[in-house]
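Got some structures for you, see below.
Both complexes shown next keep subunit A, but they swap its partner, so subunit B is in the first and subunit C is in the second.
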Partner chain A sequence: MGIRFRSVSFSYPGFGKGFYEALRNITLNIATTGEFIALVGQTGSGKSTLAQHMNALVFPTSGSVEIFGKTITPKRDKKIKYNDLRRKVGLVFQFPEYQLFEETVEKDIMFGPLNFKIPEEKAREMAKTALQLVGLGPQYLTRNPLNLSGGEKKRVSIAGILAMNPDMLVLDEPTSGLDPYGKKAMMDLFRSIRERTDKTIIVITHDMDLVYEYMDRVLVLDNGALVFDGEPDRLFRQTDLENLHLDHPATIKVLRTVSEQLGIALDVYQKDVVGAVRELRKAVRP
Partner chain B sequence: MKNIVIGQYLPGTGFFYRLDPRTKIIAVIFLMVAVFLLDTILQVSIAFVAAIVFMILGNISVRRVANGLKPLFVLLIFTFVFQIFFNRAGTLLWQDDLVFSLASISAVVAWTILWRLATRFRRFRGILFILWVAGVYLALAYLPYGPAFAPVSFEIYQKGVEMSVFVVIRLMIVIALSTILTLTTKPTDLTQGLESLMRPLKKIGINSDDFALIISISLRYIPTILDEANKIMLAQASRGADFNEGKLLAKVKQIISLLIPMFIIAFKRSEDLADAMESRNFVPGKPRTRIHELAYGGADLITAVFTVVVFAGAIILKVLP
Partner chain C sequence: MVVISLSYLEIRQLCFSYNSKRMVLKNIDLGVKKGEWIAILGHNGSGKSTLAKTIVGLLRPQSGSVTIDGIELTDATAYEVRKKVGIVFQNPDNQFVGVTVRDDIAFGMENLQVPRAEMEEKIQFYAKKVDMLPFLDKEPSALSGGQKQRIAIAGILAMKTELLLFDEATSMLDPSSRRELMSYIKELHREGLTIIMITHDIEEALWADRMIVLKDGAVFADDTAENLFRKPEAFREAYLELPTALQIYYELEQTGDMTPPLAETLWALGSGR
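Our next item is the complex of A and B:
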């Protein structure tokens, strides 16, 4: 079960005869439960395209993707109910502007559940719960989603997917455009969803601090190819991060600078601020 | 969604590419008028062959132009059928009595149901449609009649056949001409040409600068908006919106979920564009310079002479007999 990519390539049709190869020969396994995965890579490396393969929104140009036992090939199969897969793997797009359209937040969150034939009363209930999950109070239910601030829109769009109660969650840059506090709250939300339900969550992000602090697996895409698949710790201990167009998390950078400038030996690989402070304290007052 | 070609410009080299857009626009207008002045099948056939020869000489793929005809195929067929049925002059070529009786109408209904079922095989849709038309005709014309209503006489006349061929060829030339224009001229050049040609209209209060700006901005934003539409579609499909299936009411709802974000994004984009233009000191109505100034060359002279000759020839052919 889960999602299996088998040598998947994908090309966007381009101008004239040329085309743009967005994914090159990707093989990858993702379990249904227990994973918290970061998908990183520079802009244009194919992260969003990979995410859109995970709920059969786009079809591979070659290779196949297996989603919950259904095999997605370049050719459309009439026997597969693609909509079913989209309910099982909830995908939140990067820009909430692309999906908010109803008069009230409540109706907008209910759009997904109603499409999947969930009775109206139940859908209303789900909308309420989902909105609470993303940290917005019930007073937002009657607001117009188009008049919200950027961060609030983002939360409502995530609630719209959460309300579908998917078996897996894929989020395209859920923390972009949020203030630092909002970012942390969002990541804590995902962590709590994971702890409560053990569902696999995949997050596209550029924020290495979040990757190091929260995730247990990281996928690195470079120019359409999967160049790293493993634990964040292993990724950041690797020296050629620059070749992958990635940066170190702030904790590593700060501790490394302190260690070099003051000439103290430190274990610089600390996942969060608390760990970094503990390491510094150890060095100052042994 | 991505397959839609807007502004059919295909980069290339060749005679038609070297022409000034103004020359091309005027030449196409005059040649179209000339084609409409022609009277006989022979004349339009010669013009048609000449058009194809010029396309080949100008290094334009004839198949590409034929593709331009595709959307107008229905119009061509409609013209053809209309002419063949309703033009009743010349000698009679074919005559059948179409009888509407209980037997023939029920045969037509059964045949239609069979056809609708068979259209599941999308690949053979064209052939199936022709088979259906033929079947309906045969049923009406030759089926043993029961008690019948008044028969309708189906007649084809010589003049009808001639006119239908004539009209279709003429239409094809006109479409081919405009396709050559759009195929070999960049949308921006086309607007610049139009602007330049419309400049005299300023005296009667039509500002060609504004007009050109409107056209070039719209052209520029078509691919962007299409791209946005595609993204919105994916985002809503991700929430279970299905744009193909479902009842009419559900479908309307799905389309609204597409249209509203579309409008919001389009308005926001246009506001951003206006801000960006103003911050680069764009003042509406002020004279502006251009990077590429239009200039006539030798090819334009040849085209102008050719167009004048063809136009004069068409007038002479019309007036002479």
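Our next item is the complex of A and C:
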């Protein structure tokens, strides 16, 4: 099952003349379970548009997207219940914290389930479970979401999506605006959600350090085309990253400079500071 | 009483709270000289954005004062003072007003009653600066987050303000647009603008002359990067993270696995020298 993109292209209608082609001939398979995928690429490369295809929020201009067995084509199909698909693939937008609006955290998290006609008592229960899943205690249920910190707000809005019990989670830049500790805490949260539920999680990000340290698979978009699909380590060993408008993770950059300037051989492909320190220790110790 | 000050921006004993329960800003004292570039760092919830909003007069402090170019910010002076300051927010959707990109860049200038012909010239000039010239007739909703941000920046630059405040304005940009923007800010700084940059990105903060570290609503440190990096424990105490090269540096130093050339290379990398 999962999601299958078959030669998907998508164009935004332009003002006056022509179209803006946001996705070009994308073919791609994503499994329902067990994947932790980073979606990266330059600003405007089509990442958000691709994410919005994953739960039928937008329809392809050509090609098709199969979502849990239902085939989405440019033409609407009256037999497909699109809302069901949107519930199966939970999409968290950029800055979801701006969408919090209820008086209490509990009401905010319950909003989605109630909207999908889940009885109130059941929705209340789902809210509690979801809040726990994002690492916040039940004392938050009665808090006003507007008085929470940025990181807490993000967690509450993610809980709102998790409460609908989606089969898959897609998050558009969930770490932007967080401080370094907040970023790591967020990634640890996704890791733990994945370990507990085995649901596939797809994260849009610009942060190559996080991609290298946390993710199993990376999709690179460049000007609307899928130009890489594989393990982060393989991506970062490529030399033409600049052509894809991507940066190397900081650990690789630091080790590479040290290796060049001091003329010592190092395995520069270290995923985190711990790995980089280990590698340098080996080189320094007699 | 006449206060003679060398600072372009002078903040004295500033206190702010959204409700009476918790003080968000506690007795902030801060001076920024004309033409200076400072970075404000701090953990989520440390009060950075609130401080920014009090500087541009969007929030009124309970006590203390904000003085810009010798004029204290009050209800009576707000209009005049605000012309001197421009703010770029983290999320450009919160500041988009125009139907097209052109309208949006024009908005601030319209408020300042810039003549139409001059306005069009400026729109072209600043759209080009932020690499958005081909998008002038596009609807903002058709743009990606980073593109919107560049338009917001163009709109503020077009007003020729003297003090530019960036509230995590680059946090949504990809590395290459971020580098582009940073080098452009550097150019603005060279042209004499005073820059205040609120950021979580320590590498970005290295571009500034000085770093202000906020912790729990108070000024925790105010020093150059070089001096701050010499106190890693203070950095941790403020919930900040050192640049990767310096994290590695201190780890190696702790176990004595260091040679002088390695120390020098890592330090130079981390402190941006």
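Quick notes on this one:
Criterion: the second predicted complex is superposed on the first by the 281 of 286 C-alpha atoms of A that agree within 3 Å, B and C clash if a C-alpha of one lies under 4 Å from a C-alpha of the other, contacts with A are read in each partner's own complex, and residues count from 1 in each chain.
The rule is simple: a residue touches a chain if its C-beta (ideal position, glycine included) is under 8 Å from a C-beta of that chain, and two chains touch if they have at least 3 such contacts.
Note that the coordinates shown come from a computational prediction; the quantities given were computed from them, not determined experimentally.
Once the two complexes are overlaid through subunit A, subunit B and subunit C clash, as defined at the top of the document. In the superposed model, A:Lys271 makes contact with neither subunit B nor subunit C.
Once the two complexes are overlaid on the shared chain, A:Ile161 sits against subunit B while remaining clear of subunit C.
A count of residues in subunit A touched by subunit B and by subunit C gives the higher number to C. Shared-chain residue A:Arg87: touches subunit B; no touch with subunit C. Look at A:Thr251: by the touch rule set out above, it reaches subunit C but stays clear of subunit B. In the superposed model, A:Lys199 lies in contact with neither subunit B nor subunit C.
Contacts of A:Glu173 after superposition: subunit C is touched, whereas subunit B is not reached.
When the two structures are aligned on the shared chain, A:Tyr98 is found in touch with subunit B and with subunit C. Of the two partner chains placed by the overlay, only subunit C lies in contact with A:Thr43; subunit B stays clear of it. Overlaying the two complexes on chain A leaves one subunit B stretch of 73-81, 181-189, 289-297 or 307-315 clashing with subunit C, which is 289-297. Residues 12, 16, 95, 98 of subunit A touch subunit B in one complex and subunit C in the other.
The touching residues of subunit A, counted against subunit C in their complex, run 12, 14-16, 20, 41-44, 48, 94-95, 98, 147, 149-151, 173, 176-182, 206, 208-209, 245-247, 250-251, 253-254, 257-258, 261-262, 273, 276-277, 280-281, 284-285. Residues 2-3, 10-11, 228, 231-232, 234-242, 256-257, 260-261, 264-265, 268 of subunit B are the ones touching subunit A in the complex. For subunit A in complex with subunit B, the touching residues are 12-13, 16, 52, 55, 57-58, 83, 86-87, 90-93, 95, 97-101, 111-112, 115-116, 146, 160-161, 164. Those residues of subunit C whose C-beta lies close enough to touch subunit A in the complex are 18, 42-45, 90-91, 93-94, 100, 137-139, 142-147, 168, 171-177, 200, 202, 239-241, 243-245, 247-248, 251-252, 255, 257-259, 261-262, 265-266, 269.
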